[in-house]
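Shared chain: chain A. Partners: chain B in the first complex, chain C in the second.
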Partner chain A sequence: MAPKGQEQSKIEDLINPVAYKSNLQALNFLRNFVAVVAGIFVGICGVVGWHGFVYHFLAQLACVVAMFLKGCTNPTSYFATWNNLLFFGVFSSTTLLSYILFWMIFYNICHVF
Partner chain B sequence: GTGCNKLRNITLHRQKDFAYALPAAVSNRLIRRSKDFVIRSGYYKLIIVTSIARLLNMEGAHPLLLDHAVRDWVFIPLTLAIVLMKLLTQYMHLLFNTPPPTNKELKELREMQAVARAGRLRGFGRFIPESSFKMRKDYFAGEKGIFSHKAVTRSPQEAMATDPSVMVDMMKKNLTGMVPQLAMGMVVNFFFQGFVIGKVPFPLSPRFKPMLQRGIDLVSLDVSYFTSLSYYILLLFGLRGAFSLVFREDVIDETEMMRRQMNPMAASPMGVDMDAMFKSEKAALAAVDYEWELESAEERAVDILRRQLKSKKN
Partner chain C sequence: MVRVSTAGLLTLSGLAGLVHTTFAVIQYRQLLKLSQEEFEALPATIVLELCISTIVALLGAYILAGPIKVIVMPAKGRNMDIGSLRTDLVSFNMRSRAMPLDIPPLQPH
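On to the complex of A and B.
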């Protein structure tokens, strides 16, 4: 993960666009991956009902923890704001739909079969 | 052959368990008694009672037991087929996606770059001294400036008429995008029609019924069960996420194309009406508020030093 570049003052931030974009791409990749894996896990366990979505959001929060472990000690120097790290891809339709899809596939294969 | 027979022979067992019968009995009695309520008390009580009855009925819904043959012969092959088809379209798109032929002349290129440079001048003008800024502004927007000449670039309509390569490009994009998906949808609808394929893990309201159960008209069938056509569409949307893991670049091509089709001001690679762009750039350049960064640099430096000294003191 590349650091964002120097911040000269609080008023104007010079953001290195290449680094910022690559950081966001890494976060996006992690979020998609965790959505798929969580969907498979939840489907195999056979969770039924709306509270299955809670696991999805738990997994997305675990991404933030994973980012901290990866070395992102100061989020403002790697992502623009704290909110960006927390909420970037969480409500995007690709992660949610892939979670639902894999949950459905594995639930069907294991429990409705 | 025997495969066809197995597909048609789906048994539906209703489990007459007491746990499922009880809420159904209670809810039926509630529905019958609710009609008495209408005569005695108000309409709102009927709504409350029937909604509770419906809730109980949903939880005590009889689960369908689907045949193993459906799994073997429909669910897994359909998933595999759609995954392979998506892979194929992705690769076709990568192979056939040559960049549009640059058959522009020097003048057209010059105009496009002039527009880009003017935009950059507006954005970052504060880094150059005032006289240079004025010189550049005059070069672009002045009396004899670039933007005062008539644009040489053809508008996209003329370009489409004269250049056949644009049509070929658009046809290629359409072919590798929507057409295989539509064709596959028709194939799926033809072969796997009229039966239920699986269950969605969470309960849904009855409004989702026409969406999830296209060809089936059973009123009492639980909304959580879906047919193969709706499963196909779910697969199309859900595999986007999984594919973006494998292909790191932009995978969502059909959503981009749909968005582009819905947006009438499509950004085509040709010069989109250069005259209008010239006019807008000229007006924007005249309206820019110029201030040299270096003028306020001393104050900002003092500010920063002051803050640092303050933080050092504490």
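On to the complex of A and C.
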């Protein structure tokens, strides 16, 4: 028998890997799409310079808001950690390079050629 | 017949709007070149069309991304199906189980 006063060991909750992967896929898809649309927006507006990346990070922040609107009231219950929700896919090459590509293409189409 | 969801239609509409905005900006700049004026800013109509198209495209993507699910399985309410999620305990069934274990090795000819 366990002595009185001894704390019960915490039973760790299981994480459903299928749901975890599905949530990250949804976030990744949204991040990539937002990067493309933000690049198009910024290119059409004619933004030049390093401060153009500020709009990219603002757009990625909007994805966090979108996840909260989808019902993610407690990020640890949907994405395991806050870091996953805030930073997963933000600095990935796919997202960043897609943003730069569409920014460059639409700026060139609208304002150069 | 191809079935397109509402979210897909929204996304396509938003992207079509963005492409239309691109053509509008090109035409505006050509007009400025003809009238020998400097480009200062986009007209309000084009900016409005750009904003609306962006919002529609992002709304379509928001719906297309799908719902998110709770990943934590609490201690109460667990069922036998979670055994398939524990990769250490997953078993595989294949035809090799039907082969006898005492097969002699093949001899080279």
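What we mean here is this: the second predicted complex is superposed on the first by the 101 of 113 C-alpha atoms of A that agree within 3 Å, B and C clash if a C-alpha of one lies under 4 Å from a C-alpha of the other, contacts with A are read in each partner's own complex, and residues count from 1 in each chain.
Just so we're on the same page, contacts are C-beta pairs under 8 Å (C-beta built on N, C-alpha and C of every residue); 3 or more make two chains touch, one makes a residue touch a chain.
Treat the numbers as computed from the prediction; the structure is a model and nothing was measured.
A.B. asks: Thinking of the overlay built on chain A, is A:F29 touched by chain B (first), by chain C (second), by both, or by neither?
C.D. replies: The answer is both, since A:F29 touches chain B and chain C.
A.B. asks: Give one of first, second, both or neither to describe whether A:I15 is in contact with chain B, with chain C, with both, or with none.
C.D. replies: Only chain C is touched by A:I15; chain B is not.
A.B. asks: Which partner chains sit in contact with A:I109 here, chain B, chain C, both or neither? Use first/second/both/neither.
C.D. replies: Both chain B and chain C are touched by A:I109.
A.B. asks: Give one of first, second, both or neither to describe whether A:W50 is in contact with chain B, with chain C, with both, or with none.
C.D. replies: Only chain B; A:W50 stays clear of chain C.
A.B. asks: So in the superposed three-chain picture, is A:L85 touching just chain B, just chain C, both, or none of them (first/second/both/neither)?
C.D. replies: In the superposition, A:L85 touches no partner, neither chain B nor chain C.
A.B. asks: I'd like to know which partner A:L101 touches here: chain B for first, chain C for second, both or neither.
C.D. replies: first
A.B. asks: Please report the chain A residues shared by its interface with chain B and its interface with chain C.
C.D. replies: Correct list for chain A: 29, 33, 109.
A.B. asks: What residues of chain C sit close enough to touch chain A in their complex?
C.D. replies: It is residues 14, 18, 21-22, 25-26, 29, 39, 42, 50, 54, 57-58, 61-62, 64-75, 78, 82, 85 of chain C that touch chain A.
A.B. asks: Which stretch or stretches of chain B touch chain A in the complex?
C.D. replies: The contact residues of chain B facing chain A are 66, 68, 71, 75-76, 79, 198-203, 234-235, 237-242, 244-245, 248, 252, 300, 303-304.
A.B. asks: What residues of chain A sit close enough to touch chain B in their complex?
C.D. replies: Those residues of chain A that touch chain B are 9, 25, 28-29, 32-33, 35-36, 43, 47-50, 52-53, 93-95, 97-105, 107-109, 112-113.
A.B. asks: What does chain A use to touch chain C in their complex?
C.D. replies: 11, 13-20, 22-23, 26-27, 29-30, 33-34, 37, 40-41, 44-46, 62, 66-67, 69-72, 76-80, 106, 109-111
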